[in-house]
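Report on the structure given below.
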Amino acid sequence: MAELPMMPVPVTIKAIVPETPSIRTFYFDPGIPSSPGQFVMVWVPEYDEIPMALSSEHSITVQEVGDATAALFRLNVGDRLGMRGPLGNGFTVSGKTLAIGGGVGVAPLLNLTTAGKVSTFLLGARTRDEILFAPVIASSCNLHIATDDGTEGHHGFVTDLMDGIDLDEFDHICVCGPEIMMVKVLERLKRAGIADRGQFSLHRYMKCGLGICGSCSMDPHGLRVCRDGPIFTGDDILESEFGKYTRDATGRKVYFPSARPEGEIKEEKTET
Amino acid sequence: MAELPMMPVPVTIKAIVPETPSIRTFYFDPGIPSSPGQFVMVWVPEYDEIPMALSSEHSITVQEVGDATAALFRLNVGDRLGMRGPLGNGFTVSGKTLAIGGGVGVAPLLNLTTAGKVSTFLLGARTRDEILFAPVIASSCNLHIATDDGTEGHHGFVTDLMDGIDLDEFDHICVCGPEIMMVKVLERLKRAGIADRGQFSLHRYMKCGLGICGSCSMDPHGLRVCRDGPIFTGDDILESEFGKYTRDATGRKVYFPSARPEGEIKEEKTET
Amino acid sequence: MITLQPGEITVGGVDLRNHLILAAGVLGTTGASLKRILKLGAGGVVTKSIGPEPASGHHGPCLIRTDCGVLNAMGLPNPSQEFTGEIESLKDEPVIVSIFGKDPDEFREVAGWFAGHARGFELNVSCPHAAGYGAAIGTDPETVLECTRAVATHGVPVWVKLTPNVTDITTIGRAAEQGGASAIVAVNTVRGMRISTEMRRPVLGNRSGGLSGRAIFPIAVKAVWDLYETCQIPIIGCGGVSSANDVIEMMMAGAQAVEIGTAVMDDIRVFDQIRRKLYTKDGTPAEEIVGVAHG
Amino acid sequence: MITLQPGEITVGGVDLRNHLILAAGVLGTTGASLKRILKLGAGGVVTKSIGPEPASGHHGPCLIRTDCGVLNAMGLPNPSQEFTGEIESLKDEPVIVSIFGKDPDEFREVAGWFAGHARGFELNVSCPHAAGYGAAIGTDPETVLECTRAVATHGVPVWVKLTPNVTDITTIGRAAEQGGASAIVAVNTVRGMRISTEMRRPVLGNRSGGLSGRAIFPIAVKAVWDLYETCQIPIIGCGGVSSANDVIEMMMAGAQAVEIGTAVMDDIRVFDQIRRKLYTKDGTPAEEIVGVAHG
């Protein structure tokens, strides 16, 4: 792998494109030579440094969720950010690829799609306004949309769209979105006996991005999302904390709402 | 140039060959990949670290003159030394080369000679017993010998041998020996208008060998013998301290016996 | 290269599988991560430093690579008492729990939570970038002595980890020894800072931090050397170790074992890689190596 | 990159041709060598440290390369009073004479030899490997104050060069300031050691030495930062500077100029190389850069 980055590289914001009410794409220069699925640690001076997927070598696509992202949203064209990256492994695809994205998780998949590596894209959003990148995706591949509220495409979850597709046709299924959604995808792949074809882009709390601090370690194998990932194949995370809990900045466990208090999903039951 | 060396590399003494009553060659392993004229800093544990030309990639040829060389002379086959090197620039030759060596100064020239780069060798020594490497030199090129006491070859100085040779025939004249001898060689080259063809291997007090401490700096240009040298072309050292004084470990000047108290050689006068 | 005899060892009252210990705060936030490093060849592991309250640590950037090193100011993020759950399943493993507090009482309290599980404690009196903790305490011999004594009451071996950022590290080492430490760990990170010239501000969220990695190896060797000349208890070398030869070098300076942190960044398999080179059946007994450079 | 306006500057009472000064002990043993470095673009040069008696320095090895740095124990070799002859011909050049002694009287005496020639003095109270000199003196604020005061009597600007090997460098900086220093130079080398595992002994003839070069750059930046927060007199940054960006970084930490030593090893033309990148006609005035990272 390439040399790990050193000091943050200063980049200048060249354009800010509102994508949805809560998501903006920040185009910056110089770009970060990278491959789809890799991420950067974005330094928002005076606030924090946070991980962001590269939606292209010249952009990050950000959802405002807290302090640092809010600070980012207050920046203007001409302002500067510091970038450490590219980090992580990225997607590894060849042959026929299905992409499944939900919410801002579409960002790393966009990069893969515009590279011409995706043949079919299942795109999910809460509502019509929150659909990300539909036109550009539609121009590169076969796009199917689902919205929770039915305002566009299929009325329901993006996972429902998987039923209308012959999963077995695909060599790779690249997935990014809310963890609960990704768990559902993994369950389906597992049932189809092709969990190993799934490539899931994971989010965990990250401090160093270089595989040294341990804040992004996952149970039970201690895989580091920043360095061993952020992309993991489905079989690597089948019997893991994935979908059950994550950790906050202190290292304490935070359970996903759907996960039981014991932190265990009985997969068969929750699915039926 | 190659990476500068870091920690001393331990080598094992494989053979010790007495060359003359005061000079021995220490063969060691592993060898130091290098080019003729380069040197090493030789660490004699418990004593000191001293500069020595490589007489081959696997050997140094040492004259006992003081503490560290005496300690070296007490070592046996199987003992270890530390080597930092190769250091310095080495000789740069092509075409026809004349070598002129005196005393232990023959060492770096041997390396050049066995590489087949020398066509004629003028070899000087105090007396017959002190003649260094005559057989091996004679087997590679044209050898002329001079001894101060006339016990072998020409009775007189090695510089006298230059009179019997058409200097102009040679593209390079590589020289190493006592500084007073080298000065005489340079004077002759200068008179012949070919000072620039001379390559002189210089000795100055060295502490770091890496061009940083400054102990080997020469007047008046501040050339560092360890890094800019140890080989200098004649024109580079014509108007310099060369032949006049050197410096001791404290940095104080030490005048050569033949040099005037003012530290000036009036070249024309001393020669005539 | 000189090699060592393989086999279990005991250092500072703690049984270890080999001489290579994971340093505190590096991949030590979860039980799973510690287990992974043990599986990858570490002879023992030190946990992330645990304190009296859960803490998120400093704002980012928390860590940057520098020339031959890493500069970090994590700010001692830790889950506090909840960490007991992380290491429950590691009861039979060589786990040393690193702890910190602002005074002897806090040290004793935090240690109390782990007294049943930990094979040993390592006192972090040396982190250079957490106000009121770490080096704020570890530069004063008297406080070090008292914190050591407070934790020693639990009857579990106590290692005291020293900061190199003092005029004379041996005064602190002697204080730890007098306080009842079973071993000294030297050293924690060297205080440092980098500034982003483009942003016109220090890079780290905390402004300054601690330097680790190969850059500080000579500094750590010197600290171990000095401590070996003054203290009787075992010393564990830490700082920039990244090869089998570094391990031998630390041991010749006086260390009985080493801790390795930053080198996992270059390759998480570093323990296994070093182990393969360090041990051979006909290797030298470690006793013949430790401190041998003192002549 | 941020660039500076070219032109002469005055720092700590000394007029310099630019912000880049040759550090003490590096290629500073002869007048010719100093002249060469000036010709190659240095804005000023500091000589080898000169003491009360000629000294040969430590036995070798005196210097080895390490990861991103150099470890040296030269042992303050110097020609003593005879050095006056070396710099006579440099009367019109920006030459700062580095001096050392074992007490205020020795400092004053040595300074006296050069009072006519030197544009300034730099007091070496910080060399970590010369028993009784250097850092042996520079870790005690009171002694630093007195030595500074003793040399200041000559009426020539006095820079005091500090060691980073102390618990709190600002106490020493303040002492220098109180003693009448015109500037503080931070830092000298960081104490360190390397051991040859094959030889089973420390490599340096003196056993331990001082670390310099890029490895210590973050340590030096932090020292400059801390001093800037406490002292009023100008600070000159030293330690690991090897690029134009490093110069700007040191200045943002609070330095008005920098000294460069070890970087000459990679390329003796380093001053010229940095100068070409550092200065542009439309560069920023240095006043707007110095200390700017303190916000």
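Points worth noting:
As written, the chains take the letters A, B, C and D, and residue 1 is the first residue of each chain.
Quick note on the criterion: a residue touches a chain if its C-beta (ideal position, glycine included) is under 8 Å from a C-beta of that chain, and two chains touch if they have at least 3 such contacts.
Keep in mind that what you see is a predicted model, and the values were worked out from it rather than measured.
Steps from chain A to chain D, taking the shortest chain of touch contacts, total 2.
Under the contact definition, chain A and chain C share no contacting chain.
Ranked by distance of CA centroids from chain D, the top chain is A. With centres set at the average Cα position, the gap from chain C to chain D is 33 Å. The distance from the centre of chain B to the centre of chain C, with each centre set as the mean of the Cα atoms, comes to 51 Å.
Chain geometry summary: the mean Cα position of chain A and that of chain B are 67 Å apart.
Here the spacing of chain B and chain D, counted between their Cα centres, is 35 Å. Those residues of chain B in touch with two or more other chains do not exist in this structure. The residues of chain C that reach two or more other chains are 66, 194, 198, 201, listed in rising order. If each chain is drawn as a node and touching chains are joined, the picture is a simple open line. Applying the touch criterion to all chain pairs gives A-C, B-D, C-D.
Against chain C, the residues of chain A that register as touching in their complex are 4-8, 10, 41, 43, 45-50, 80, 82, 84, 207-215, 217-224, 227, 247-253.
For chain D in complex with chain C, the residues that touch the partner chain are 1-2, 66-69, 71, 139, 165-167, 190-195, 197-198, 200-202, 207-208, 211, 214-219, 221-222, 225, 240, 245, 248-249, 252-253, 292-293, 295.
Looking at the complex, you find that chain D touches chain B at residues 25-37, 48, 54-57, 59-66, 70, 72, 74, 77-80, 82-83, 194, 196, 198-199, 201, 203, 205, 261-262, 264-265, 268.
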